[in-house]
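Two complexes are shown next, each including chain A; its partner changes from chain B in the first to chain C in the second.
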Partner chain A sequence: MRPYLSIFKMNFKGELQYRGKAISGVMTQVFWGFLNIYLYIACLQNTSVDGFSISQMASYIWLGQAFFAIRFIMMGKKIGKNIENGNICYHFVRPLNIYSQWFCQTFGEKLSSVLLRFPPIIILGLLLPAGLGLSLPVSVPAFLLFLIGLILGLCMSVTISMFAVYLTFKTLSKRGSSSIVNTITGLFSGMVIPLPLMPQAIQNVVNYLPFRFITDLPFRIYIGNVGITEGAIFLAIGFAWLIVLIIIGKLLIRSALKKTVIQGG
Partner chain B sequence: MASIIDFQDICKNFKVPLRAKGKFSTLKNFFFRKHKTIKALKHVSFQVEEGDIVGYIGPNGAGKSTTIKIMSGILNPTTGSCTIDGFVPWQDRKKFVRSIGVVFGQRSQLWWDVPVMDSFELLRDIYKIPQQEFENTLNLLNEALGLEELLNRPLRQLSLGQKMKCELAGSLLHRPKILFLDEPTIGLDAVTKLAVRDFIKFINKQWHTTIILTTHDMSDIEALTNQIILIGKGQILYKGSFDEIKNKYSSTKIISIEFAQEYDEISLDGYQTISHERKFATIKNLPDKEFHIKDFVNQISKKYEVIDFQVDMISVDEILAQLYKEYGLVER
Partner chain C sequence: MLYAKYLKMHLRSSMQYRFNTTFISITQVLVSVGEVLSVWMLFGTFTSIGGYGFYECLLLMGITFAVFSLSECFACGYDEFSDLIRSGDFDRILIRPVNINYQILASKFDLVKLPRVALGLTISIIALVNLNIEWDVLKVLVFISTIISGTMIVIGIFIISAGISIYTIEQLEFVNILTHGSKEIAYYPINIYAKWLTRIFTFVIPVACFNYLPLSFLLGIGNIPMWLCGLAPVFGMLFIIPCLLFFNFSLKKYKSSGS
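This part shows the complex of A and B:
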């Protein structure tokens, strides 16, 4: 465990250095937050859709902006770069499991970019008037469940990023691979259109796909759109998905490694 | 005694897509793709004994790096078997890599944006090196390479030479039994090159580390080892002593001549013209003719009016160039 923990720490610290990046990220997120909220206020005309009220929608969007870094699928930036330029060969000469090594690397980077970005947006959201800003969680149990959901979301996001790594391995293009995975994730995790606003038939499917556990589920627990019991059941489903996806990811990476070709020299 | 590296009949093929040419070729390539098999290694076998330094040389694209990558467990060979220190590299990769260190001269294993020491500490954790042992090793490497001032600076601020020193140290922290160096002196200045060579020798003596070294710089080989393996087009062409090859070719002399007037042609019995331009010419003796200064002066002064001439030994690089030519390895 120790080696993996150290890799995590190294990447966590590494990402913390990039404060400028975080600040510009926060500004973009705030802008998008307002844009989205006014858009939906205009669309919904102060009504509610299936019990999803304007103020719940505003909270949902602010949470989404605050934890955008969880949702945004990015593999550890060094992994993509190293696959492209061939430096990846050093990852193979370490006495470590390749998948776990990359998982920790991505996890470290992701966690620090989340921690750098969410506090200012949450504070701003809480300061805004109700209906436009972020409301407090519906209850203490809901808040605790929300926190567990966030951890699941973080793990799920990293796990899905590993599929982008796999695609990069296959195609040698980190940009293309990330975009594909990002588009799918964005649509099904409720970050493009909040899932409660989707037609019921689509919701019935999307609710059980792994993507919604990244952000949609914890946010809906927070705003009370998903109850405590229902939330707990869904969290269990989410953790089951997580294990399945990690196993599939590991198998895929292992099969890809057998056909490895190192670029150049 | 069993060899520490036993490479048996290894072949490695790569499949590369062929691109069609002509009209609509892009479209054709998109839908139908033909593949071509490139044989990077063809039945390569060799053994290396523990504690040896072996130079692995050959022109670009000969298969040197592929061999190193197979030996370090990064690539699977297509066929053939290989045991290194009792392991099959690509099967027991996780266990195996503890006994090897690798430096790829054109790549970096250390973290770019953190102080070198942080990278070293991470490597300590990755290899689970006990703190005391880590400190001892680091002290030793420090002394040998003069790293002291570099350790607290981020890698990105270091010069190429400083970086290479750190890379070398990084690959040796876990005291590997075998060290693979893929072009460790590439791009280094003369002083650093010497320091790196001294260090390689030092490590070999100190820890009895087996070292496999690829390089294009023949002076590296001359300074470090007498054992070479020459590879070209995926095949081993020569295994054995470097001196032997040198002796074979060292009878060749390169003679540069300045004439008093321009001649249309320079022809001397037993000599071959390498270049000839106006009043200047370079010639060499043919392999079956031994060079005698008296004979040469006699011949040339009879036929031509000479102002000056200079006789040089063939350099190691030229020997290699000749070898490559002889084996048909030079692309024209």
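This part shows the complex of A and C:
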């Protein structure tokens, strides 16, 4: 366990160095937040959606902007490059499981970029007037469940990133692989449009897919769109998905490694 | 012609990596299909957004795909200008006896964007067919000039972000507000945003000139004088002049990154 922990720490601290980048990122997220909120206000003005009022929508959007780093599927910075240029062989010679190495690397980077970015956006969201800003969670139990949901979301996001690593392995194109995984995830995780705004028939399917556990579920528990009991049941489904996806990911990477050709670096 | 030679060279080099080029092109198209799907899903729940129906929004999206992909393909040198600076390759451009802007334009073509241009135009045509527009020569001219004007405006935006990266060297994420922000705004009718946002993206960065204004003319809706809406794309084309002036002014402050 210890080597994995130090891989995590190394990447966590590495990412913390990019504070300037984080400030610039926060500005972008805030701008995006406003764009989305105005767009959905324009939608919700004429037609109302049950359990998703304008102020709930605004909270959902600001949470999404604050925890954008969780939502965005990005493999560890060096992983894709290493696959493309062949340095990947150094990962092989270590007496460690390759999947776990990459998992910890991505997890570390992701966690520090979340921690750097979320406080200013949450504060700004709370300062904005209701209907445009972030409201407080509906209840204390909902807030606790929201926190558990966020941890699940973080793990789920890293797990899905591993599939982008697998695709990069197969295609040697980091750019193409990331964009394919990001498009699918973005659409079904509520990042592009909040899931409660989708047609009911589509929601019935999407609610059970792993992508919505990244952030959609915790946010909906926070705003009270999903109740406590229902939320707890869904969280359990989410954890089950997480285990299944980690196992599939490990098997895929293992099978990919059997036929690896190192690109001469 | 030198430009054609450059284009041929880039085409050849990307064909060396045929699988990679095809794969990225396909994923580019898939990304756009995902965006179309998201609009389609929104209209499964809502009937109109800011007075626009599904096909009106589809038309906006088609135009936006086309103009952004055209710019990303042919003005990629400006879009990724910070790479040129950081790698030091820009110094090589400076010592050649050919116009600098000409060389930047020819320095890179992102050919994987081309299928998306086709997709954008196809979507626009599907939308136009479904919109029951009474076509006349003037409307055809406005539509064509919208595409040209949009491409010039987006290239202008890239030129500004290139100019900024002369000072910052690293491409900072907030410059994305200019580039991706304009794209995001152009997907939906610009009148749905707050007044201050609409004003910025009409008068400072004229996104409205290939978005709300020419569409008002084509569809014959809105309360802005029709002649103004019809001429908007032409005004939009002028945007590239101050962009180039700013870029050329910034060039005088250029310091090599030394690598």
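Here, the second predicted complex is superposed on the first by the 262 of 265 C-alpha atoms of A that agree within 3 Å, B and C clash if a C-alpha of one lies under 4 Å from a C-alpha of the other, contacts with A are read in each partner's own complex, and residues count from 1 in each chain.
In the analysis below, contacts are C-beta pairs under 8 Å (C-beta built on N, C-alpha and C of every residue); 3 or more make two chains touch, one makes a residue touch a chain.
Source: prediction; values computed, not measured.
Contacts of A:S173 after superposition on the shared chain: chain C is touched, whereas chain B is not. Once the two structures are superposed, chain B and chain C can be ranked by residues of chain A touched, with C on top. Contact with chain B, but none with chain C, is seen for A:N87 once the two complexes are overlaid on the shared chain.
In the superposed pair of complexes, A:I184 makes contact with chain C only, with no contact to chain B.
With both structures placed on the common chain, the touch criterion links A:L197 to chain C but leaves chain B unconnected. Of the two partner chains, neither chain B nor chain C is touched by A:F239.
Chain A meets chain B in the complex at residues 2-3, 5-7, 10, 13-14, 17, 85-87, 89-90, 92-97, 258, 260-262, 265.
Every residue of chain C that touches chain A in the complex is listed here, in rising order: 19-20, 23-24, 26-28, 30-31, 34-35, 37-38, 41-42, 44-50, 172-174, 176-177, 181, 184-185, 188, 192-194, 197. Interface residues of chain A facing chain C in the complex, by the touch rule stated above, are 20-21, 24-25, 27-28, 31-32, 34-35, 38-39, 41-43, 46-47, 49, 171-173, 175-177, 179-180, 183-184, 186-187, 192-193, 197-199, 202. Within the complex formed with chain A, the residues of chain B that make contact are 14, 65, 69, 72-76, 93-95, 97-98, 100, 102, 104, 106-109, 111, 113-114, 118, 121-122, 125-128, 182.
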